[in-house]
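What follows is a pair of complexes built around chain A, which joins chain B in one and chain C in the other.
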Partner chain A sequence: MKSSVLDGPVRKNLVFVLPGLLIYAAFVFVPILSAVGLSFTSWNGVSRPEWVGLGNYAELFGDARFFTSLKNNAMLMAFYCLIPLIVGMALAAMVSSIRSREQLAIRTLLFMPYIMPSAVIGIVWQWLYNPAFGPINQGLKAIGLGALALPWLGDFTWALPAVGMVAVWYYFGFCMVIFLTGMQRIDPSIFEAARVDGAKPGYVFRRITFPLLLPEIRIVLLLTIIASIKSFDLIFTMTRGGPANATLVPNIYMYQLGFQLSRYGYAAAVAIIGALLIFAVNYVIHRTIRPRDGA
Partner chain B sequence: MTKSFTRSSLCALGATLAAAPALAADLPVWDDYSYEGQVAVIESLIESFEAANPDVEVTRTQRTFDDLALTLKLAVSAGDGPVVTKVNQGAKDMGTMALEGMLLPVDGYISEYGWDKMQSQSLLDRDRWSEDGKFGEGPTYGISGLAEIVGLYYNEKVLEDAGVELPLETFGDFLAALDKVKDAGTTPIAMGTAKQHLALHLMAAISQAQIDAPNRAELDDLIYGRGGSWETEGNLTAATLMQDWATGGYFFDGFQGISGDDAVQLFIAGQAAFLTSGTWYFGDMQMNPDIHFMAVPAPEGVAHPLSVGGVDLAWAITSLAADQETQDLAGSFINHMVNEDAAKAWAAAGYLPSTSLPEDHGLELSGLLEEGIGVWNALNANDAIGHYPDWSTPTMLKTIDDNTPLLLAGRQTPAEFLALLEADYESYLATMN
Partner chain C sequence: MAAISSRAAQAATFRLVMWGFTLMTVFPFGLLLLTSLKSKQDLFRGAFVLPDRPHFENYVSAWVDGHFGVYFWNSVIVVIPVVGIGVLLGLLTGFAFAFLSFPFKKTLFVMLTLGMMVPGEAYIIPLYYEMRWLGLLNTYAALILPQIAMSVPFATLFMASAMQQLPRDILEAARIDGAPRGMILRKVILPLMGPAISSLGLFLFIWTWNEFLIPLVLVNDDALRTMPLGMLFFQGRYTVNIPVLTAGAVIVIFPIIIVYLIFQRKFIEGLTAGASK
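Right after this comes the complex of A and B.
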């Protein structure tokens, strides 16, 4: 077998990796380490940071607003992960049975929300939800359902689901495309054999399609859960965490603490906890959702 | 071919650079003038400053009020911010920056250019911070170009259609007018709480109208961090009225989901009878000739009610003006922004300048601006310009924003609401002592 120059010792290959590594370190490692360091200080963004050890973390665990943000984030996960996953899978099953030309058009249309910047989507949906002149409430009033024309983004009960539904609209097309790709990967002869054996569609989905789509389900869950914990732009543009913290999530809280209240050390502690949460949830998914073939 | 093209391009570029007159100074300026009418005025003022100082190039950065607050401190501390900037008075921005040495005192320029003759001491006090962090005393860190009054806009036609007799003389007349408008099927008060601070302005305007100017010391002490209480009779009245109006249908239907700016546009379109907000909307309000402006009328027993307001964000010099020459240039720029000519430019565009207009200004002022100037002169004559409540502590704006929706929804009593403001204030005072 022909040997490659890359088969040499690591120290010799380091020169090839070094430029990329330096850029990665400058823009990823150093900021992360700085945030970790900052989280052990009290800093107003102007004066000299003051070392407080684990003080910020201790305060965080007694901070009711932080727990409100975590609770809201947990609820948002249903809208970022669960509903798009179910809708995406159902649509993928439907779209996969359509002829290829129509399938391309429908797939493109359903995927389209995902290619738009989420901040733009937030601004557009804020207008759609506007109680005074937004088309949603205008439509409800026009068909005699004025009682349902709520101030969606200003209502304590409905603000979070209203933001969440925009996340569903944003992510379901993405989930659908991933599942479509997964379905194309499955050998058609398996479905053929099941049909010959008289298996009904529900049984085929439960015993064949779903288990064989587990790698895609895992990917979709990983990405959407990361997106839900990272959620900021949609909420910032639509509600800024209001009304009265009804849509507050850790990233919005971090922003408020840092940029509005100048508590950068405490804000960094919120960011670190958020990052640890992402690691923890992803670890659980890695451990619990495993394809049967060990892939 | 490529080499010769590159060589000739470089030569041409070099010749162009050599031919261009070298500018002696670059002056980075940040401001918060983001409405269309304001942008036109500020750009014309910068143009005239550059014409008067041909060796200076002003690089203007326009930011919204919120963006300015977010980025200014970080930019100046990083050494990459403006030399001249607008900065919000109060503990959160100007107070912090002054204490950290990020702003330079402008007292020398006050005497050099006579700013103290153009604006009252009470206005300049709002830009003063002592070395030990006391607001309203010590060196002066800025001066403003525009006056601000948070007052009562009313739509004359809507009120007449509802059978309301004008003018409104007393606070009781105002309350009666609200009921009449509501009975006529129109929204009495334009309100939107999803974004911006209309609710804060309404509450502060009602609350401070309960204070007679000779008794203002208590409010001054509270805002300037000398102590006091938020749990006052006036604040309780204002919070109770706000809650009653919110739950009784006196605001726009669905006001919780409408932003403040949208509520203002709906008011301009004639969708409500009253709006409590600031004179910074004069430019927009002129689109509807039925709209007029007045101070919140006095309750019984109050001769000269306070009106929230004062001045817009102050022009200030940052610590990035490292040498005397740059500082003097910055002082000269600020003078150009607040002198009588600037006042005339703002007035001509329909805005209320903080510097008094010369008597022979020769401008044809809009009706709304005439009303605004009348209110401003009366307030100054009676020492009745109040304060923005959020200036009192760095966190007060957030505390009010977080809790107002709960108050308006009836999930907090007015007393509980005020207790939270009190707690915020006490916590700030504790950090100062």
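Right after this comes the complex of A and C.
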């Protein structure tokens, strides 16, 4: 890095860096390192932690509940990531043909869930899904579909998709807004030229819009996949991982292991695996989706 | 002719679909507001039936009996220092990463990005024991200090990249005049950073207002709970009193919607621009 006119002696520079770095080190970085260390121990929170090496990680390999949580997490990715991506892109393509004031209104409203506290969203949807007096089942009964009025969040089969649909509701507007911004970045004369050449809309989308939207697709994939791995608030407030582990995800499992069963070392190992998964996703997406230059 | 009318039909279909999805997004919020104004009797008559009159007393019971008044002020007490100190530290550390040289700069930068990627869930257990060791469990400090620390990486990167886009000659001119750097930061850079500071402030406000895990784990005294947590425990106490529960939800969400509607352009631009970097 080139040195700036504002640079000075290191001792005086440190005055600017240290306050932020020290508080960060104290409450984020040291805890991260401790979590790594803790994951190599067996600790009940009271007695001295006992070094077990990779024992916790080895135990995770044989832990059926952990695999259930990973499997659920993989299922949730479809709802956090795939459906919002597809719906968001379709809507962005449609909304770009609508007048600008109306477009602004739609954009403002669709983006709204994304800034809401997911814990509160979870509690609200738990009420919407309530089997006895929830508006969703009341609505289904009112239009003669009473047979479909299931105990959504209490049903072994439907609990995970029901939680997933909330994630779809939460993320599709966000995806649409990002794709819309991306489409506005693309030079309209490209589409004009394609139309003059007689290209069909499907062909235009496949060969022009989609490749030019790769930077946005990358960022949407990155944010939503990571959000699905991090998912905690929504599930904690809606189902706590139940019924019978039907919606258990690694972070909920970590919380149960640590704060309910006092198996802190083992819980830390689960947490570290989650963090490693996030790194892996980051790496894979940065390596595989490469927008052509200029993007 | 046929081509034109089929295009008009297509445009109409698109609008219909768009507004259908928009309605789906807004519907839960509308239902929330409607239910928060109902009496319990109204509720028995059906979820979609209008109340005979708006029952604003639900808000009073949420605020007083449901402790949402306490939760609201706790959220305010936590948000103000986190946003204020977070922005201030972002300015200082961002300034350092943008312009100054110091040992291990690259390593420290990687450390910061690491903290941005690792979710709070990954280190909440050591953080809990650290807070216990410091005797800070069940204090405002347990809510404020970690959230300041968690905002340092993003605030630093955000401020550093904004400062790097400042015109060089202004900084050079100020330096040649012999002004000390603290003063240049305050008198020259700060006034130019208005838009960046307000964007950062907005993000930190939303993240802190919405934070769930930190208050869930580090505080169990009801008098210290922030709004999302208060909502969870309120639900546990009064599952059946839906009108008051929804009134509480409106109290939590209302400040965010106001801030969002005022700054919506800034929000969307900031989040999408930040996202595509």
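FYI, the second predicted complex is superposed on the first by the 278 of 295 C-alpha atoms of A that agree within 3 Å, B and C clash if a C-alpha of one lies under 4 Å from a C-alpha of the other, contacts with A are read in each partner's own complex, and residues count from 1 in each chain.
As a convention for this text, contacts are C-beta pairs under 8 Å (C-beta built on N, C-alpha and C of every residue); 3 or more make two chains touch, one makes a residue touch a chain.
Owing to the predicted nature of the structure, the values given are computational and were not obtained by experimental measurement.
Asker: By residue count, which of the two partners contacts chain A more extensively, chain B or chain C?
Answerer: After superposing on chain A, more of chain A is contacted by C.
Asker: Going by the contact rule set out at the top, does A:Tyr283 touch chain B (first), chain C (second), both, or neither?
Answerer: neither
Asker: Could you look at A:Phe172 and tell me whether it touches chain B, chain C, both or neither (first, second, both, neither)?
Answerer: After superposition on chain A, A:Phe172 lies in contact with chain C alone.
Asker: Once chain A of both complexes is superposed, is A:Phe259 in touch with chain B (first), chain C (second), both, or neither?
Answerer: both
Asker: Go through the superposed model and pick first if A:Phe67 touches only chain B, second if only chain C, both, or neither.
Answerer: In the superposition, A:Phe67 touches no partner, neither chain B nor chain C.
Asker: Looking at A:Val120 after the superposition, I want to know if it touches chain B, chain C, both of them or none. Which is it: first, second, both, neither?
Answerer: After superposition on chain A, A:Val120 lies in contact with chain C alone.
Asker: Based on the superposed arrangement, let me know which partner A:Phe210 touches: chain B (first), chain C (second), both, or neither?
Answerer: Once the two structures are laid over each other on A, A:Phe210 reaches no partner at all.
Asker: Tell me which partner A:Leu38 touches in the superposition: chain B (first), chain C (second), both or neither.
Answerer: The answer is second: A:Leu38 touches chain C but not chain B.
Asker: Applying the touch criterion given at the start, work out whether A:Pro131 contacts chain B, chain C, both or neither, answering first, second, both or neither.
Answerer: First partner only.
Asker: Mind sorting out which residues of chain A both chain B and chain C touch, each in its own complex?
Answerer: On chain A, the overlap between the chain B and chain C contacts is residues 45, 133, 259.
Asker: Touching residues of chain B toward chain A in the complex: what are they?
Answerer: So the residues of chain B touching chain A come out as 69-70, 73-74, 77, 92, 96-97, 100, 102, 193-195, 252-258, 262, 266, 271, 394-395, 398, 401-403, 405-406, 409, 411.
Asker: So in the complex, the part of chain A that touches chain C is made up of which residues?
Answerer: Interface residues on chain A, with respect to chain C: 1, 3-8, 10, 12-14, 16-17, 19-21, 23-24, 26-32, 34-35, 38, 45, 87, 91, 94-95, 97-98, 102, 106-120, 123-128, 133-135, 138-139, 142, 169, 172-173, 177-178, 181-182, 215-216, 219, 223, 226, 229-230, 232-233, 236-237, 251, 254-255, 258-259, 264, 267-268, 271-272, 274-275, 278-279, 282.
Asker: Which residues of chain C touch chain A in their complex?
Answerer: Result: residues 11, 14-15, 17-19, 21-22, 24-26, 28-29, 31-32, 43, 46-48, 89-90, 92-93, 95-103, 105, 108, 111-112, 114-115, 117-119, 121-127, 129-130, 145-146, 148-150, 152-153, 155-156, 168, 171-172, 175-176, 181, 184, 206, 209-213, 216-217, 227-229, 231-232, 235, 242, 245-246, 249, 252-253, 256-257, 260-261, 264, 267-268, 271-272, 275-276 of chain C touch chain A.
Asker: Okay, in this complex, where on chain A does chain B touch?
Answerer: 44-47, 129-133, 137, 149-156, 239-240, 242-245, 256, 259-262
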